[in-house]
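There are structures below to look over.
Note that subunit A is present in both complexes that follow, paired respectively with subunit B and with subunit C.
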Partner chain A sequence: MSYLLSILSLKVLFPLLLSMAFGVFVGAMPGLTATMAVALIIPLTYYMEPLTGLAMVIGVSFTAIFAGDIPATFLRIPGTPASGAAVLDGFEMNKKGKGALALTLDLFCSALGGLIGVLILIFTAPPLAEVALKFTHFEYFWLGVFGLSMAAVLSRGNTIKGLLSALFGLLISTIGIDVTTGYPRFTFGITELMDGVSFIPAMIGLFGISEVLKRLSFRESLDLPSVKINGKLDVLEALKLMYRNKFIIIRSSLIGTFIGALPGAGADIAAWVAYGAEKSLSGNEIGSGSPRGVIAPTSANNAAIGGTWIPALALGIPGDSITAIVLGAMLMYGLKPGPLIFAQSKDLVYQIFAVALLVQIMLLPVGWLGIKAFSRLVSLRAGVVMSAVVLFSMVGSYAIRNSVFDIWLMALFGLLGYVMEKINMPLAPMVLALILGRMIEDNLRIGLIKSGGSIIPFLTRPISLILFSLIVLTLLGPSIWKVVRKLKD
Partner chain B sequence: MGWSDLILSLSCFALSGFVFYHSRFFPKFTVRGEKLPGPSFFPDLLAFLILIFGFYFFVSGLTSLFKAREELRSSLFKGVSLYKSLSFVIIIGVGFLFYPVLKIFGSVIGITLLGVFLMRFMRVRWFSSLVYSVVLALLIHWIFKVIFKLPLPEGVIFSLLRG
Partner chain C sequence: MDRKRWWWEFAIALFVFLIGAYGLFESLKMPTGDPHDSPGLTPAVLSAILMVLSAALMFYLLFIFKRNLKGWSLSESKGRNEGSREERLKTQRLVVFIALTVAYVALLGKIPYTLATFLYLVGSYLYFKSVKLHVAIGIALLVSLSLMYSFGHLLGVRLP
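Up next is the complex of A and B:
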């Protein structure tokens, strides 16, 4: 409590509030990621005290991850990669005229998920970091495949096409320089492809441009408002839904925190895994505009931020790209992240925890204002909004690495997304495979090299075996469940 | 879904063939005489799996076709219109023309021009499309160039005017 009181000063609160507003702005802008927001705010904190600087970083990262869900819900364009899973049910709810409810739910779940993540960070940072360290290449491979097995359950209606979509995504992820040998694969001399297919233009194209193309098919709809927002943000209904689905919030937050704690697996993977877990437990209802499909990923992605700080603070290993920047900033402030930080800078660590808790409370008004502002913009005529989406998507794609090639890539992925949806092939597994592709390949190959080509260690190590069993359960679970229910009937 | 499944299966075959063909030229990964999983290992594995899926969709496509031939043939071209085809060409075309237009006219005028063009195509009135496009262009310029210091093109015309 004393730590919480110690941060309640204007020199911490005012920069924190500004950074949160900046987080909403960047997060809601397609093409600008939470990592970019943090990277941009770090230079501003050079001359500040470590607590103020870190408070700004914490504020920006939590709000940017939430704000990414706003365009995801209204326009089907994830503002940040972590909002990829929130697109599915959020946008479906919006189509049913429940966009405001979806975002209110999203806001509360993000704050609550973030709160749970931070509480877990406070109480379990050192022991959880130890578990995360037990993950080797074998476990990481299965973790990646587990994420992909979610692709099967994520696919609405057609599991086979979902798996094929994931395979296409994995194949696209092999484009670029092979990490092990340094050989460029499928690049055909195009320099821009050496780094691989940039994930953000691909995602903007698949979700955003394909949606614009779909909207253009109905010419008359262009004269109507882009998004119909029914009434006010329904706080009471959202709270009721949250109470009814309290276990989903807790489960998803736990999943999010755990995945966030694994080095290299951030909020985006956490959101997909939580969404997939919910889908496998709740069945076909998810994917067609169910509040549960909003609750699970939004609780998980904000909880994952707390998780990413666990290895960062306890071991000095970044949980994701954001904490990688944060670690650099901490070194800049003269702090040494790692086990010793709890002894050497105990007060500062607990003040950081207090800031993270405060951010969850402040997220509610800041996020609410963000939703309000964005909903004004998207209630313009569809023709205006769709044109703006196309232009913003293009500049956003270009912004990632100042590359014209990424704009072309986005346009091609837009076309691909449209065709895929036309033949009932889900987009989500491809997006997930693009995120996980490198991780799966590298860990499979390194694992095989370590084991001399044997797959035995992939199945005999305890954590590997647990993950493998989870994959089998995820893929076969729904069928087994159906048989059991039939036998019961 | 007969025709679409058949087209999907042919795409799978073509993609697998493409991957198998190109991966033959990838170097082998051998350390002290021991052959290890090299650059072609994972793409080949994926191509093999895609091939299996291709066969599945080929069979399912053929089966569906035999079941309801006429119905499927008509559904294949359902919804294809001149406007729809044109809108595809325009959106993808804007993607490809985006940078050249900005390079010539600069970011503010370039985005305004593209904005007016897109909005007119999307049935927004002339005046409104001009106003919205100017606002949009200034907003994009302010966010990306002023705040984020992104090197958006200045424009050949302005460079010449400035000498």
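Up next is the complex of A and C:
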């Protein structure tokens, strides 16, 4: 409590508020990621006190991840990769006229998920970081496959097309320099492809540009407001839904925190796994505009940020690209992240925890203002909004690598997404495959090199075995459950 | 499933099959060695499965198509002809939008970003008749200048 009181000064709160407003702006812009928001704010904090600087970084990262869900719900364009899973049911709810409810749920779940993630960080950082360190290439391979098994869950009822979508995504993910041999695969001599297909332009194209093309098909819809919003957040209804689905929030936050704590995983994978877990438990309702499909990924992605701080603070190992920048900033402030930080800079560490808790509370009013501002913009005529969406998508795609090639890539994926949707081929498995493809292949092959070509370590290590069992359960669980129920009847 | 949808599905299945065939062909040309040392192994396996699945989808579609052909009536065709004008307009809109966007991206780097953006916005607003000319010019000017200022100057994001 004393740490919480110690941060309640204007010199911390004012920059924190500014950084959160900045986080909303950058997070809501398609293609501009939370990592970019943090990277942009770090230079401003050079001459600040460590607490103020780190408060700004914490504020911007949590807010940007939440803000990514705003365009995801209104326009079907994830503001950041972590909002990819939130697109599915958020946008469907918006189409049913429940956009305000979806975003209210999103806001509260983000704050609550973030809170749970931070509390786990405070109470279990050192032991959880130790578990995370036990993950080697064998476990990361299974973690990737576990994430990909969610593609099967997302394709239920449309299995062949879902599988085609996922396999096509996996094949695309093999483009680029091969990690073990250095051989360029399917690069056609294009330098930009050496590093693989950039995931963000692909996602913006698949979800966002395809939606723009779909809207253009209907002339009359271009004269109407892009999104009809009443502007009032449905607080009471959202709280009721959250109470009814409290276990989903807790489960998704735990998934988010744990995956966030694994170095190299992150909020985007966490959100997909939480969404997939929910879909496999709740059935076909998820994906058609169910509040549960909003609650699960939005709780998980913000909880994952707390998770990423666990190995960063306890071991000095970044959980994702944001904490990699944060670690650099901490060194700049003269701090040494690692096991000793809890002894050497105890006061500052607990003040950081207090800031992280405070950010979850401040996220509510700041996020509400962000939703209000964005809903004003998207209530302009669809023709005007769609052109702006294309422009922002281009800036976002370009900004990742300063490459016009990525703009063409985005446009190509937009066309692909449009055609895929024409025949009801789900987009989500392809996005999932694009995120996880490289992770799975690289870890499989490095694991095989380490084991001399043997697959035994993939199946005998305790964590590998647990993950493998989870995959089997995810894929076969519903069928087994059906058989058991039939036999019972 | 109507005839148009059938064609779309068949064309995409064929496209994916061809992609798979190309992937397999290219993968087999890559250096081979131990499974973990072969860069072509993963894409070869993925391509082969893609080919099998898309072939299965094509087979399935051909079976449905035969069944659907029997129930194809004249009245349905008439209805389709009436709807085809709207279809043509829809395709025209998409083609113009894609052409506008391609022209815009192609212009980037040749003329200043703000000017290209301004022209693109005015063009798209006018073609889609979203707003009147003076409003289109006003909004396009505002958006292109604020994009340049907010991203280029305030955030330091490099613009195309």
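Keep in mind that, in the parts below, the second predicted complex is superposed on the first by the 481 of 489 C-alpha atoms of A that agree within 3 Å, B and C clash if a C-alpha of one lies under 4 Å from a C-alpha of the other, contacts with A are read in each partner's own complex, and residues count from 1 in each chain.
Operating definition for what follows: contacts are C-beta pairs under 8 Å (C-beta built on N, C-alpha and C of every residue); 3 or more make two chains touch, one makes a residue touch a chain.
Everything numeric here is computed off the predicted structure, so don't read it as measured data.
Once the two complexes are laid over each other on the shared chain, residue contacts for A:V384 go to subunit B and to subunit C alike. By the touch criterion defined above, A:A399 lies against subunit B and subunit C together after alignment on the C-alpha atoms of chain A.
In the superposition on chain A, no contact is made by A:W368 with either subunit B or subunit C.
Within the superposed three-chain model, A:F342 lies out of touch with both subunit B and subunit C [touch as defined at top].
Legend: residue contacts after superposition of the two complexes on their common chain; A:Y3 is shown touching neither subunit B nor subunit C. The interface of subunit A with subunit B overlaps its interface with subunit C at residues 32, 36, 40, 160, 163-164, 167-168, 170-171, 174, 178, 180-181, 183, 185-186, 213, 216-217, 219, 222-223, 381-384, 387-388, 390-391, 394-395, 398-399, 402, 404, 407-408, 411, 415, 422-423, 425, 441, 444-445, 448-449, 453. Looking at the complex, you find that subunit C touches subunit A at residues 5, 8-9, 12, 16, 19-20, 23, 26-27, 30-31, 34-40, 42-43, 46-47, 49-50, 53-54, 56-57, 60, 89-90, 93-94, 97-98, 101-102, 105, 108-109, 117, 120-121, 124-125, 128-131, 139, 143, 147, 151, 155-160. In the complex of the two chains, the subunit A residues touching subunit B come out as 29, 32, 36, 40, 160, 163-164, 167-168, 170-171, 174, 178, 180-181, 183, 185-186, 209, 212-213, 216-217, 219, 222-223, 380-384, 386-388, 390-392, 394-395, 398-399, 402, 404, 407-408, 410-412, 414-415, 418, 422-425, 441, 444-445, 448-449, 453.
Considering their complex, residues 1, 4, 7-8, 12, 15, 19, 22-23, 26-27, 29, 36-39, 41-43, 46-47, 49-50, 53, 56-57, 79, 83-84, 87-88, 91-92, 94-96, 98-99, 111, 114-115, 118-119, 122-124, 128-129, 132-133, 136, 140, 143-144, 148, 150-152 of subunit B touch subunit A. Within the complex formed with subunit C, the subunit A residues making contact are 26, 32, 36, 40, 160-161, 163-164, 167-168, 170-171, 174, 178, 180-181, 183, 185-186, 213, 216-219, 222-223, 381-384, 387-388, 390-391, 394-395, 398-399, 402, 404, 407-408, 411, 415, 419-420, 422-423, 425, 441, 444-445, 448-449, 453.
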